[in-house]
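Multiple structures are listed underneath, in structure tokens.
Two complexes come next, and they have one chain in common, chain A, joined by chain B in the first and chain C in the second.
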Partner chain A sequence: MRKHPTKTVPLIAAGIVAMVALSGCSAGGSIEPAANAKQLTGGTVSYGHQQEPACVFGGWIEQAYLSYQVLDNLVSLDKDHNIVPWLAETWQASDDQLSWTFTLKEGVSFTDGTPVNAEVIAYNFDYWAAGGNSTAAVWLGGYYESAEAVDDLTVKVNLAKPYPLFAENLTQSYFGVQSQQALETRTDEENCAAPIGSGAFTVGEWNRGENIILHRNDDYTSPPANAKHDGPAYVEEVDWKFISDATTRVSALRAGEADAIYDVPAIEWKGVGEQGYEQLKYVTPGRPQQISFNTAKGIFTDENLRKAFVYSLDRKSIVDTIGKGVIPYEGNGAVSQTTPGYSEKAADAYSFDLEKANELLDAAGWTERDDDGYRVKDGKTLDVQFPYSGGTIINADGASILQGVQQQAKAAGFKVNLIPIPPSAAASGKYSGVDGYDISVGYWTSVNAGIQYINWRQNLPESPNNWNSAFYNDPELEDLIVRANSAIDLDEQNALYAEAQEYIADRALSVGLYDRLSTLAVNPSLKGVWQESSQGGPVFHDAYFVG
Partner chain B sequence: MTHTLSAKHTDAPPATRRRLTVSPRARSIVEKLVGAGIVLWGAATAAFLAQVALPGDRATTILNVRSGQTQLRTPEELAPINAEYGLQDPVLVQYLDYLGGLLRGDLGISYQQHRPVWGIISEQVGATLALTAVTLVLAWVIMVFWVTLTAGRGPRIRAFGSGVDTVTAGLPPYWLGILLLLVFALGLGWFPVIGGTGVNGIVLPALTLAIPLAGFMGQATRTEFERSLDAPFVLTARMRGMGDVGIRLRHVLRHAVLPAVTLSGWAIGATISGAVIVESLFTRPGIGSVLITAVDSQDLPVVTGVVVLVAATYVVANLLVDLAYTLIDPRMKNS
Partner chain C sequence: MTDLRQQAVATAPVRRHVSAGFVASAITLGLFVVAAVAPNALTPHDPFAMDFTQALQSPSLVHWFGTDESGRDLFSRVIYGTRESLAIGAGAAGLAILVALVLGSVAALAGRIPAGIVNRVIEVLFAFPTLLLALLLVSILGSSPLTLVIAVGLGSAPGYARMVRGQVLSSKNSGYVEAARALGHSRSTILRQHILPNALRPLIAIFTMGVGQSIVWASGMAFIGLGVAPPSPEWGALLDAGRAYITQASWLTVLPGFVIVVLALAATTLGKHIQSFLEKGEKA
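This part shows the complex of A and B:
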């Protein structure tokens, strides 16, 4: 005895139709605050960030974003690329440029109650240089010698050679100042999860995998000179959520669950703007997302083959297509367009010229082609090993751009083997050695063109430099950069940096692809969020709600 | 006649075993415990060896992950890390150290978070267990409802019912999760987009995992369910005047769910380690994300700790499944 089973089918069908219909609705209504909205005090900023680091303070940009909220630096970088006071009120290089003197603000305390004084600053310098912050250590390497307290508020830093950009480099959050007492007496675990600084916020709790709650430092007295107001933050708390999925992040913003989000995907950028969210975009200075060639081993030891590869690419059209006008094309392989001392000439050195690429390859003896159109010489295919770290260094948009490179190089007969490598293999160094690749890709943020010193200094047994990803040892190039680093006159310095960029471009050691971005989208009911100028991280000290 | 164990037992043929006075129940418990121990040791060893066999150098990885780089490192840079974690010791020494720690209940210190692995796991395991439990309950509710509704009906409904099972069983969790998120969280606003650990926040992540699981279990249950519907005892029940729904729920279901119970044991373990997509989509903490992050950064103590935990969960889940069998089908007690 079956009971009218046929009724079930339409019922189920109706349910599915209803579900699909409902999905058409979206959180509508205006997000704009009323015209007469006033500034509110207090409240919690819900901020959706992407990646969760293991510790708050460290040498990775994701840590710099966080530690900026908690630690103060000696100096800050303003929008116009001027160094402005922070914990240090004044600073001065000696006449021989071999020592720097910083005079500290009076009466500043860490959140554990200990004073910010010259002795602590000197301690921090030694701590950074000894690897307490791996990236700070790289910036100090070769220049830093010692630091000493002259009196309570005056600290003197001694250098091995002149380094006019020294103070500018200290604006990066890798140089966040921590309480000496905290570093000396607390466990690694405590200093990892909740470093003690003198910053606008303190680390409240860290729910791993979920969020970090930052509490306002009610006694905050030391905002940088480029902050929009003095004194403690307006908001009471920042709920720094880790939302790794881009769709979820944008949805959280649209649903009103996040007041601000980081890293808006290119495909959502326009829509988010049209819906009335405030958008902030920061083009990271320093080394852009670039490809460098292995000049020590393999086919790209031949300069003409490097040039042939570059000529085979229409880099601008790839980046414009995939970046949808949000991601900027970058032609310069040494530094990005927002870096002081940027050379247009180096950026424009190569444009798409397939004919030239073919000529160069023919001249190099790669005259035959196999059935797939790849060039062959003496029975060997023109293979290019191209590993990249997907998901961390290269995001989804970046991976699409690399696929474009692969496609275009094929026309000239290059067989590009794009190898996405997992983070553990990338970090293990397996693909980093001279046998690891023909082409490597990656960026390195920096506030000036001094990044070239890190990326192009020679890798010699007595002074190793594994950051030279082209394996290009050239005393002439190193000398150019070293002279630039130590040039006291700004114009002279920029001219030398530009010369180095052109040197790199002329030899096709490295060419640019696109500039790395830091983007934010902010609900208009939250005002006063800005991006700090050394690395583009969000600043919440000046943020307040209106309503 | 004491409970003398292993040697005699394993060597003796089944016939002589019977003569020992060890009760079958006690023997079965001991066997299960020994089995569980072997499984845990095997899992720990496999996890350890897999980590050691990963390409590249562990100290380099630790340093690179700490600084967001992918470069080779100089011996001077690596020396302090090698010394701190004993990474240059012979693998056997490292392995014995590790096993010794495990026996003492010490899982070690995370290379990246600088804190005990126990702390990391115990902090995250609650959220994962909650998700697993709710997923399992939802999967069962959906599966029982759907199978009872559609199995053994007219040919069109039967086909439709099992078709839905097949489709849902194959739904990619990421796609399904995005769909649920856009419809029920962003569109209708019934649930939060950022799930977190709130009660309301668990529904969508659990549904994302439960719907494919329900389809999977439904496939296994449906055949058995339809066979039981034709069994003589169903006819008897009908003759007693029992209603269709009552027969389906009280008699037929009981016969049909054993395969699904078996699958549930597997599902508990799979959900614990495999929930990472859902965790990342709905921003939930959990063991899955901990494991992925740890593998990415070759954080060996964390990886092995989580693997041992998942293995332990499998063992416990399967013991529970065995127990559930006898509850559902009392005949099994003696078999």
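This part shows the complex of A and C:
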């Protein structure tokens, strides 16, 4: 018989070598370009992004990041949260706030040669409102009535209710303007894969599962007022690669295979900075990564159980440990701390108090515990179904934070069943209905606290709202948010938005975990990359290489 | 690989030589069994207890395998994960053998048409990528240990089915079966007493090796996110969780990976020794 000599020793050796080698990965020499390095012309930016959407243009933030490169909006948001011109040079609300008039730049064309004019803009409004962009549609829903071309360069938008934040909302890339001719004459598949806009780049090849090549629009004339230069992009191409694994993205950056990467894991943040890579970090306004309780079915219909769950969590410790000081803790479940009208009172409504959690659970009759320490009532365990979209909505850091939640809630007697759901299951809606979960987790980026209208408007047969993840139908809360949306005085508006956040916190309908971040790490030989301020996506129009 | 020569069940005594490899692999597997049955006997730490002050500690005398991002003791997690990992491995290998037995026996013993159909089924299953099958099952059933057992079990069954078919065919055409027929034994007696015992004996070795291979497969699937739900310390899930920290805390990936390799090696070595032992018995 053939002998099988033991392979243990070489394996142990290989393991040690691997550990040492991998540990050494964080070290590295200087990557700074020479002091006399000059701006180069052309070149291809190799950019590693986390997720690949199904279409370039759509209602998901990953699509917004891409479509920002290809489509122009009417207006842009600068870093001081001011609305600045883009395709529109000026805009004005009527005295009754029921109509908005936009005056367009002259001489702007789409990359198919057709002009950007008022008729096209009106067509795009109808297209968005009809669901051409799912997120644009929910922003416009309840407010948008019609759009009309007043003359070639003037478009008037009519609203059903006053909406002072209307123009601000249009800065999001869900409102990217497309060629009417392209929308009318090309197939949906063509417009999905390569929408025609007037932006700094056009979509070249899309190698599904690998990358999208964006070509420079050499005739680009319409950068937003907050761009760093006029005219076409400096670089010729952007190779937008899809690298889902965070470690691989960082490795690609360090190996020089990527000039810039998105979503740097918290544990790599410090090391990447020490190695000389430029770091950009943007806390997205809007709804943070939060947990919503299912208030329509299951144990969390009981407000005291919701509160008990929240009191059982030391959310800040979890986030600070896993997030390594990079990911900000967020107590507010309605909006993040970078959102205008943010309520600190709502954010501070609950702190870790295990004793209080236990008292509430005892009072609710959950007095017994099984051998594992989970509470039991009438023979039923205090189960909590907690599905989450791992890898898409929740990244690796987020998944670790959720495990912290699971472990801490156990001390109070909750048996939290974390269910990582693949994209296919998420898309099927299996976990999104009232029977799908006890707790849901997720974010919704926005430029203002008006996001509460989307997340908390009632879900009624005559006006469905599938984005009310707490299934909390409350006319009082909706009225509060609607009044805020229409308040013309900014202070009054912010006060009403804050009141809505406190209303949500008081009833423990939703509580925050951490703020959603957009992070970038950029090789110092690539300059001029910046993050746009509505959603934190990378902007490559001003990027250039030095050498 | 498998020797298809079959003879009557040996009865003569044979002198056995117990090799060091056999002893080492048996002891190693024995330790894993202890870890699966009584994990608390091997580690004092709670595998689920988080201690944020101890997050990402490298291996030390207190934490032999270091700690993870939440301060959980990795050695304890590996030890406590043994039960689930072994159960998935043994379950998948068992399911594979069971499916293979049915398909392989029918393919060998049934009439021309049903055998032909089953052979085509085996070929189709062979051509179907295991990973794709796993994705399909996860989409339908959701991620769970049972899904992993089914996915890995069904994925590896066709290979075993071909093996079983060959063994049964070989037994069916052997001299001792002819002799049994000549003696007037019924078909069912021949099948039960002569064909199946001889055909299935090599599967003991195959099963042992299959456990190790199935654990590697299941871990691979868990690594790509198709595994069990957190905070399970199943080994593949540990690999998956450690992946995000591989450059800063490589022990989170390397050490569970190393344990998987050790188990797979031990199971394979033991299986080969059993196989060799059985072959010698047949030749004696």
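We adopt the following convention: the second predicted complex is superposed on the first by the 518 of 547 C-alpha atoms of A that agree within 3 Å, B and C clash if a C-alpha of one lies under 4 Å from a C-alpha of the other, contacts with A are read in each partner's own complex, and residues count from 1 in each chain.
As a working rule, contacts are C-beta pairs under 8 Å (C-beta built on N, C-alpha and C of every residue); 3 or more make two chains touch, one makes a residue touch a chain.
Only a predicted model underlies this, so the values are computations on that prediction, with no experimental measurement involved.
Enquirer: Is A:Gly131 in contact with chain B, with chain C, with both, or with neither (first, second, both, neither)?
Expert: After superposing on A, A:Gly131 lies in contact with chain B but is clear of chain C.
Enquirer: Which holds for A:Pro422: it touches chain B only (first), chain C only (second), both, or neither?
Expert: Once the two structures are laid over each other on A, A:Pro422 reaches both partners.
Enquirer: What is the contact status of A:Lys38 with respect to chain B (first) and chain C (second): first, second, both, or neither?
Expert: neither
Enquirer: Who wins on chain A residues touched, chain B or chain C?
Expert: Greater contact footprint in residues on chain A: B.
Enquirer: Let me test your reading of the model: by the given contact rule, A:Asp245 touches which partner, first (chain B), second (chain C), both or neither?
Expert: both
Enquirer: So in the superposed three-chain picture, is A:Gln406 touching just chain B, just chain C, both, or none of them (first/second/both/neither)?
Expert: Second partner only.
Enquirer: Does chain B (first) or chain C (second) touch A:Asp397, or do both, or does neither?
Expert: In the superposition, A:Asp397 touches chain C alone.
Enquirer: Once the complexes are superposed, what residues of chain A are shared between the chain B interface and the chain C interface?
Expert: Dual-contact residues (chain A): 1, 3, 5-6, 8, 12, 19, 22-23, 25-26, 245, 247, 251, 422, 424-425.
Enquirer: In their complex, what parts of chain C are in touch with chain A?
Expert: 19-21, 24, 48-50, 52, 55-56, 69-71, 135, 138-139, 142-143, 225-226, 229-231, 241, 243-251, 254-255, 257-258, 261-262, 265, 269, 272, 276, 280
Enquirer: What residues on chain A touch chain C, complex-wise?
Expert: Touch list, chain A to chain C: 1, 3-8, 11-12, 15, 18-19, 22-23, 25-26, 245-247, 250-251, 265, 267-268, 271, 317-318, 320-322, 390-391, 396-397, 399-400, 402-404, 406-408, 410, 417-422, 424-425.
Enquirer: State the interface residues of chain B toward chain A in the complex, per the touch definition above.
Expert: Touching chain A: residues 54-58, 60-61, 63-74, 77, 80, 110, 112-115, 120, 123-124, 127, 149-150, 153-154, 156-157, 160, 178-179, 181-183, 185-189, 192-194, 196-197, 244, 279-286, 289-290, 293, 295-298 of chain B.
Enquirer: Going by the contact rule set out above, which residues of chain A touch chain B in the complex?
Expert: Interface residues on chain A, with respect to chain B: 1-3, 5-6, 8-9, 12, 19, 22-27, 48, 52, 54-55, 58-63, 131, 134-135, 187-189, 192-193, 207-211, 241-245, 247-248, 251-252, 254-255, 257-258, 389, 392-393, 422-433, 442, 464, 466-467, 469.
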